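Presented below are the structures under discussion, each in the form of structure tokens.
You will see chain A twice below: alongside chain B first, and alongside chain C after that.
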Partner chain A sequence: MSKTPLVAVLLIFIGFFFFPYFYSVASGQLGKPVPELEKPKGDHCIEDAKWMEENHMVLLKEWRDHVIRQGIRTYISDTYGTAYNISTYTCFECHTSKANFCDKCHDYTGVKPNCWDCHVYPELLEKYR
Partner chain B sequence: MTGSAIATITLTASQVERVLAAFAAPAIDQQKVRWGMVIDLKKFNELPLAKRKRVYDVCKEIHNIPIFPTAKDRVEWIWPADFEHTFPSQFNHFLPEEIENLEVPVLCNHCENPPCTKVCPTGATWKRDDGIVTMDYHRCIGCRYCMAACPYGMRSFNWRDPRPFIPKLNPTYHTRTKGVVEKCTFCVERLEKGLQPACVEASEGSFIFGDLNNLESEISKILREHYSIRRKPELGTEPKLYYLI
Partner chain C sequence: MSVLGTIVGVVIPYIAGFIFVVGVIYRIFFWSRSVVPFKIPTTCGQQKSLPWLRRTWMDRFDSPYTNWETAVRMLMEVFLFRSLWKNVRYELPAQTAVSTKWLWLFALTFHWSLLIVLIRHFRFFLEPVPDFVNIIQNLDGFLEVHIGWLWFQLHVVHIMITGLTLLVALLYLLYRRLFMPRERSLSLPSDYVALILLLCVVITGLLMRYVISVDVAQVKELAQGLLSFHPPASPDLHWLFMLHLLFVSVLLAYFPFSKLMHSAGIFFSPTRNMPNNNRAVRHINPWNYPVKGVDWDEFYEEFKEDMEELEQMGYVVKPEEEV
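Then we have the complex of A and B:
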């Protein structure tokens, strides 16, 4: 029996499997550096900046559960001891733009959070003004 | 190399725990209060039309409720109905004309025994300890079981993306998305700030809101002194919305 069909199927599979890689190479996106984010206002984030970079989604998820399930509206920062109002808009008080902050990294990593289908962000406010 | 990676992960995990322990206590002890509302229909119907309309409109404004052009897509938390359809079991023949023609504002009854929460497959709607039946839109999958279970029809479904139909956005409140159910929440976000629900504030005293557990509260006194009716009491859902006629 000829091995040709098997090899052809294997080649097609490899072609599909590595398509994202070839696509990135062809469009010149491979090895693109991490995007430069807009400098936020204020001197520190809610928690340590490095921690926030890695775990902001955990914090937001816990904020959600505490507000909706238990009615807890205040969060006291573990790192800085400052009290924060629990709201997605609290972030935008310092990070004044979603497009120049959140979206840049999310686009880079291919993450599509659906927070902003419902929650209000500065650009949306501009649109309604 | 592997050891240090594991150490980093455990460090992050314990950090997460520490940070998550940093929530402050809630503003209101939900275990102690039980919110309820009384609507004085006579007083409400004596208000001029513009003021009655304001009660419904203020809710739409602060909760970013869309106004759809088609009636089929309608999303509302509080709206006017008539006596016959609000109280089908109390509707007799030969009622006085002023009762038959009453404008009855209807909203979620925040039942003591809510059928909507029992059918929710994801726990997206539930009764809080303070008696408010509320929604977690993050969890709602849009199955509409709750709408089928509610004997009062007080829930609305977002058939379309509501954002383009919101006339004026309230930046302090969220909007909803296509495919979730929504309803009145007794303005939990206002209660946390010590305010009354928006409709109560706009009603010029014809809506009375308060703690049913506190015998000295205005609402308890009014309920003790007046004869009140509730919607479909025979179903055993125990609404916490009382009407005075």
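Then we have the complex of A and C:
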């Protein structure tokens, strides 16, 4: 058989399967662990920290529904019973920096929320103050 | 969890990855050495022939003559399943051909969804995550829906379209083998194993996205650890993710031995990868017995008397011209 198919298949196989390895080596970030996040203020998050880590996006979307659809503007924490004002900015009262907290983790996991096209965050306030 | 975590999270993925890479490369080289005795391109168009025989542009790719036409046909096969599009079934009473495009539709859906889902998984293996992965992810998840409380909290932020189409297409492919009489009688256990393994992978993946959320950052840490050959000593991740990883490992290890190798095999199919230029280019059968020919002088010597007699009768006796 001619060798063209062999070359083609090898290129595709190595290109697709080993691409992540070469890419990460080239960027010099191979094996990067979860980045250090900024220490938040306060002694607990809105809900249990482990739960927040996995479910904060659902919480935020739920908050949005609460405000926009039902007009509810306070949220009572299930875990701690504390009342919180529903706003995207509530998070930043304790997590004082978006870049050093939210973004670090989001960049690492490849998530790009579009919330801050419209909503305000500490760095933006800082810039226009 | 820790010993189990090490086995399922580190040992098994490495073994599976090794079997996958070595197995696939072995089979690729094995196939590339196989003998092709005849030129057997299957064609569905007018082949290149006399200049006044009409040949449309589609004919050129259905019955390719040059190498690049063959390459285009191969690409159409890989990306559009061209030959499956022409799938036809004969209905007996009326003796008519009914084209059956359902298989084409769902097979194409399945493969494209799988490709996009795989590219989306690059976010775990690439650091920093490149833009094209984010763009694909955003396009795929442009249905930004939040479903509130049912009897339990669904974890829906975005609906990733390809994840669901992948599931639907797989279910159809399984349905086809289970409930259509002809396909059922043709199906072997190995057909089902591949489908069921894929289903297990897809279902655990979808569960993670929509029902039981897992810590994505830690998953990436494990993936990066595996990729850099410095795996964590005892990864302690969610059981659902471990199950997902286990199914993927089994699938990878099974891959080189299974029909899933058709992904490489398609490139080695003589019916697909040869141009249909039989009449212009001679195909040498490697099995041909080495025939020792006779050259003109030997031939003349052997039939000398006959030749001379012919010459005396006025005929021209000379060697055939080289072409």
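One rule holds for everything that comes next: the second predicted complex is superposed on the first by the 114 of 129 C-alpha atoms of A that agree within 3 Å, B and C clash if a C-alpha of one lies under 4 Å from a C-alpha of the other, contacts with A are read in each partner's own complex, and residues count from 1 in each chain.
Throughout what follows, contacts are C-beta pairs under 8 Å (C-beta built on N, C-alpha and C of every residue); 3 or more make two chains touch, one makes a residue touch a chain.
The structure displayed is predicted, hence computed values, not measured ones.
In the superposition on chain A, A:Glu54 makes contact with both chain B and chain C.
Contacts of A:Glu62 after superposition: both chain B and chain C are touched.
In the superposed model, A:Tyr108 makes contact with chain C only, not with chain B. By the touch criterion stated above, A:His119 is placed in contact with chain B alone, chain C being left untouched.
Within the superposed three-chain model, A:Tyr128 lies in touch with chain B and out of touch with chain C [touch as defined at top]. With both structures placed on the common chain, the touch criterion links A:Gly71 to chain B but leaves chain C unconnected.
Once the two complexes are laid over each other on the shared chain, residue contacts for A:Ala83 go to chain B alone; chain C is not touched. Judged by the touch definition given at the top, the superposed model places A:Ser27 against chain C, while chain B stays out of reach.
Common to the chain B-facing and chain C-facing surfaces of chain A are residues 54-55, 58, 62, 64.
Contacts from chain A toward chain C in the complex involve residues 1, 3-6, 8-10, 13, 17, 19-21, 23-24, 27, 29-34, 53-55, 57-58, 61-62, 64-65, 105, 107-112. The touching residues of chain A, when paired with chain B in their complex, are 47, 51, 54-55, 58-59, 62, 64, 66, 68-78, 83, 88-89, 114, 117-120, 124-125, 128. Chain B contributes residues 12, 15-16, 18-28, 30, 128, 134, 136-138, 166, 168-169, 171-177, 188, 192 to its touches with chain A in the complex.
Those residues of chain C whose C-beta lies close enough to touch chain A in the complex are 21, 24-25, 28-29, 31-36, 67, 122-130, 133-134, 137-138, 146, 148, 153, 155-157, 213-218, 220-221, 224-225, 227-228, 230, 264, 267-268, 270, 273.
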